[in-house]
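Listed next: structures, encoded as structure tokens.
Shared between the two complexes below is subunit A, which pairs with subunit B and subunit C, respectively.
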Partner chain A sequence: MLLEIKNLTIEFHDHDRPERVVEDVSFSLDKGEILGIVGESGSGKSMTALAVAGLLPRKKMEKSGEILFEEKNLLTLPRHDLRGLQGDEISVIFQEPMTALNPTMKIGKQVEEALLLHRHMTDEERKAKVMEWLEKVELDDSERVYEAYPHELSGGMRQRVMIAAAMVSDPQILIADEPTTALDVTVQSQIIKLLLKINKDSGVSILFISHDLSLIKQITHNVIVMQKGRIVEQGDTDEIFLHPKEEYTKKLISSIPSVDLRK
Partner chain B sequence: MAEDIIVKGTDVTVSFMNKVGNRKEKKTVLDGLDFDVRRGEILGLAGESGSGKSTLAKAVLGMVPLERGKIESEVTNPQMIFQDPYSSLNPAKTISWIMQEPLKLGKKKYSSEERLSKVEEMLCEVGLDAGYMQRKPGELSGGQRQRICIGTALMQAPGLLIADEPVSALDVTIQAQVLDLMREIHRKKKLTILFISHDLRTMYNFCDRVMILQKGKIVESGKPYDLYRDPKEPYTRLLLESAGII
Partner chain C sequence: MLLTLFGVSFLVFAAFEIIPGDPAISKLGTDATPEMIAALREQMGLNRPFIVRYFDWLGDCIRGDFGRSYSYNRTVISMIGDKLPITVTMTIISMLLVIAVSIPVALLLAKYMGSTIDRAGYISNQILMAVPSFFLGILITYIFGLTLRFFTPGGYISYRQNFAGFIGYLLAPSVAIAIPKCAMSVKLLRSAILEEWNKDYVRTAYSRGNSTMQVMYRHVLKNALIPLITFWGMAVADMIAGSIVVEQVFNIPGLGRILLTSISNRDYPVVEAIILLIAVVVIVMNLIVDILYRCIDPRISK
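Moving on, here comes the complex of A and B:
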């Protein structure tokens, strides 16, 4: 087991009344596994992902439970040690690749950032590694992309760049928070294929957050269904889609418009 | 125009001038489209970003000038609803005020009692009730706001409803509810709907005909069953494959 989350509870304390956004969530992620978290707005799926990434604010928020990675509890880990893992062992990609990239920095510089922070490498070694990943994410003309600014690339290309930047340090866990939601369907399916290929080639575990059940069905091995901060149901993806046990899961699955092309 | 055709476009071409540095560049957004909208149907316009589907809707409404071609229309009072019900409603006004507004703008004059009773009736029709009249948009959920947008669009009995990605911003379970509502209204009022979407799955069950657009051209059109089962064009096939339908 690579990552284990035990009884995670997250409460906001920034208003008069505390608001519990994640409640008693437990699950684990194995090496090489693609685990999906699916739910509607406000289900707590992104909060859970941010907690694993160590990106939740430290103030005005109460967190309890454990997030265990390599025998360390990420919830209580000192900031310096957490920084050592972020972008190195644990990387994140987000929905909107335009806001995730710095508009004033060239792509090459942004992709190599994780290496600058976490590895001792010469400039040449770093560039070679960056070029390797720009090619692995199937960007044609990677030399041009290396020297380009984000606005010169399309949405799909930017998301490929984000994936390269997240993967350049060979992380063990990749957290993908709605990575294709802002993209057109044809581009979306290309990015999904790319993530599957990277998972197969590098063995990185992926925590895939989405509201889109048909995507979850395509890409994940196991799935967690969340509603209002709690886990409703979890298990093998195919099994849950075929035989959902809980009412809410059934309702979610039945809201995917079905297309029956048999006569 | 044939009996059942209410909008007919011939060679519809729309271009915009883009300023690139100090020279101007012409960008053709709609490129010689021939199409028609038939009375009482739900016509789906599908395509990716930049395919021209929203511009085509604007052209039907007469909101963008045509460079070439013509659109003949016998539609009276076309109405439009948009993707984001948050930005479509004035946050400072009550639901009652928002829904009365179309009645104030029409030729026929209504007394304030008549207006209020019509609003109340319409709220029931879109699955809400009179309790919402004094609320403001900020107090409603996304699905409820889209119901208000639909209700407001229906106040003056439109001849055509253009729905531009009306459920894309909503959660899946809410999407299903709003689509059910639109289907019911379509059936009850025999309303013609132009449904713009990138979601081919939703269109399959919702639309009578689907028109696939790519880069300002119509790639293919037909009944969803025929089109999805036997796509003639590679682009249609690519879209269907990407959506996991075939």
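Moving on, here comes the complex of A and C:
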């Protein structure tokens, strides 16, 4: 078991009343596994993902439970040690490829950043690694992309860049928070195929977050269904789609717009 | 751009046509006879129609001939050329001070946003922004010159005599010019940093293992400086104009000094040339701002 989350609870304290956005969430992620988190908007998926990535602010919120990675609890790990894992063992790609990249920094510089922070490499070795990943994410004309700025690329290309930047350090866990929601349908399926290929080739575990059940069904091995910050149901993806136990899950599945017709 | 210069030159020329005062009278003094005045006007070419004189002057300016001073027996070029290095040096020192001080201070205030440091910074900023440079000049002269004796008030040293001493003397007036601009820069930069801090790329930078300082220097600062460039460009032109008063306070024989004496002497060729020069500086600064924008913000098409 690579990652284990035990009784994760997240509360906001920035309003008068504390607001519980994630409650008693437990799950685990194995090596090479693609685990889906599905649920309607506002159900706490992103908060869970950000907690695992160590990106929740320290102030104004209270977190309890455990996020165990290599016998370390990420919730209580000193900041410096946490930074050592971020971008090295745990990487993230976000929903909005249009704004997730720094507009005034060249693509090459952004993709290489994790290597700069976590690896001792010569400039040539680093550039070679970056070029390798720009090609692995199927960006044509990778030399040009290396020198380009984000605004010169389309949304799909930027999401490929984000994937390259996340994978360049060969992390063990890739957290993908709605990575295709902002993209149009054809680009979406290309990105999904790419993620599957990367999972197969590098063995990286993926925490795949989406509100889109048909996507979850296509790519995940196991799935967690969330509602209002709590886990409703979890288990093997095919099993849950065939025999959902909870009413909420049944309702979600029945609302998928005719998946089979698309094939 | 040339059109702007043309417009400014016309306005300047026309303004001195309209405001009262006759260069011939001020040159001869009040007890001159009307005949003497008429003769001098004739000799100075002031009797020709306004438009003819304007184009005559403009033509000369384009050829690089700004004429001779009415009151001193020197060409305008040599008078300005003599004083320009003083004002330019002062402006450069002020600008360097603004940049060197405002960036770290803004970073500090942004880092401790909402804390006592931030609030104290905000209050002192509001005060410093509102205090005019000449008053700061008087204050600095009083405190650092008269009381602490860091420099001798009025002891201007020419750059021809002793360059280090020259710079040393200009330091105090430069600080007086820099402080209000610096306060404004801090305010603008602090809010630009806080605005950038909420953007998505900051979270991405954190997710790669950057520390807060690394996120700041590697990612946020460059983006936050973009809105500052315009302000700094305007500040340079402003400082040159503002130095006129501060030069008086510190008794510095710079451009401001000759501008003031030329105005009271109705020495129009000198005044017109200086105003044109300021217009050129404003236009050149605009150009530089444009170029800097292109360098720092790749989204502006080349």
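Here is the rule we use: the second predicted complex is superposed on the first by the 258 of 263 C-alpha atoms of A that agree within 3 Å, B and C clash if a C-alpha of one lies under 4 Å from a C-alpha of the other, contacts with A are read in each partner's own complex, and residues count from 1 in each chain.
In the analysis below, a residue touches a chain if its C-beta (ideal position, glycine included) is under 8 Å from a C-beta of that chain, and two chains touch if they have at least 3 such contacts.
Please read these numbers as outputs of a predicted model, since none were measured by experiment.
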Fit-or-clash call for subunit B and subunit C when the two complexes are aligned on subunit A: fit
Contacts of A:118 with subunit B and subunit C, given as first, second, both or neither: second
Contacts of A:189 with subunit B and subunit C, given as first, second, both or neither: first
Touched partner set for A:78, first subunit B, second subunit C, both or neither: neither
Subunit B versus subunit C as contact partner of A:87, first or second or both or neither: second
First, second, both or neither for A:255, with subunit B first and subunit C second: first
Most subunit A residues touched (candidates subunit B, subunit C): C
Angle at subunit A between subunit B and subunit C, C-alpha centres, nearest 10 degrees: 80
Minimum C-alpha separation between subunit B and subunit C after superposing on chain A, in Å: 7
Complex interface listing, subunit B residues touching subunit A: 48-49, 171-176, 198-202, 204-206, 225, 228-229, 238-239, 241-246
Subunit C-touching residues of subunit A, taken from the complex the two chains share: 53, 55, 79, 83-88, 91-92, 94, 96, 99-105, 113-114, 117-118, 149, 151-152, 162, 165
Residue ranges of subunit C in contact with subunit A within the complex: 199-201, 203-211, 214, 218-219, 222-223, 226, 296-299
Interfacial residue positions of subunit A with respect to subunit B in the complex: 40-41, 184-186, 188-189, 211-214, 218, 251-252, 254-259, 261
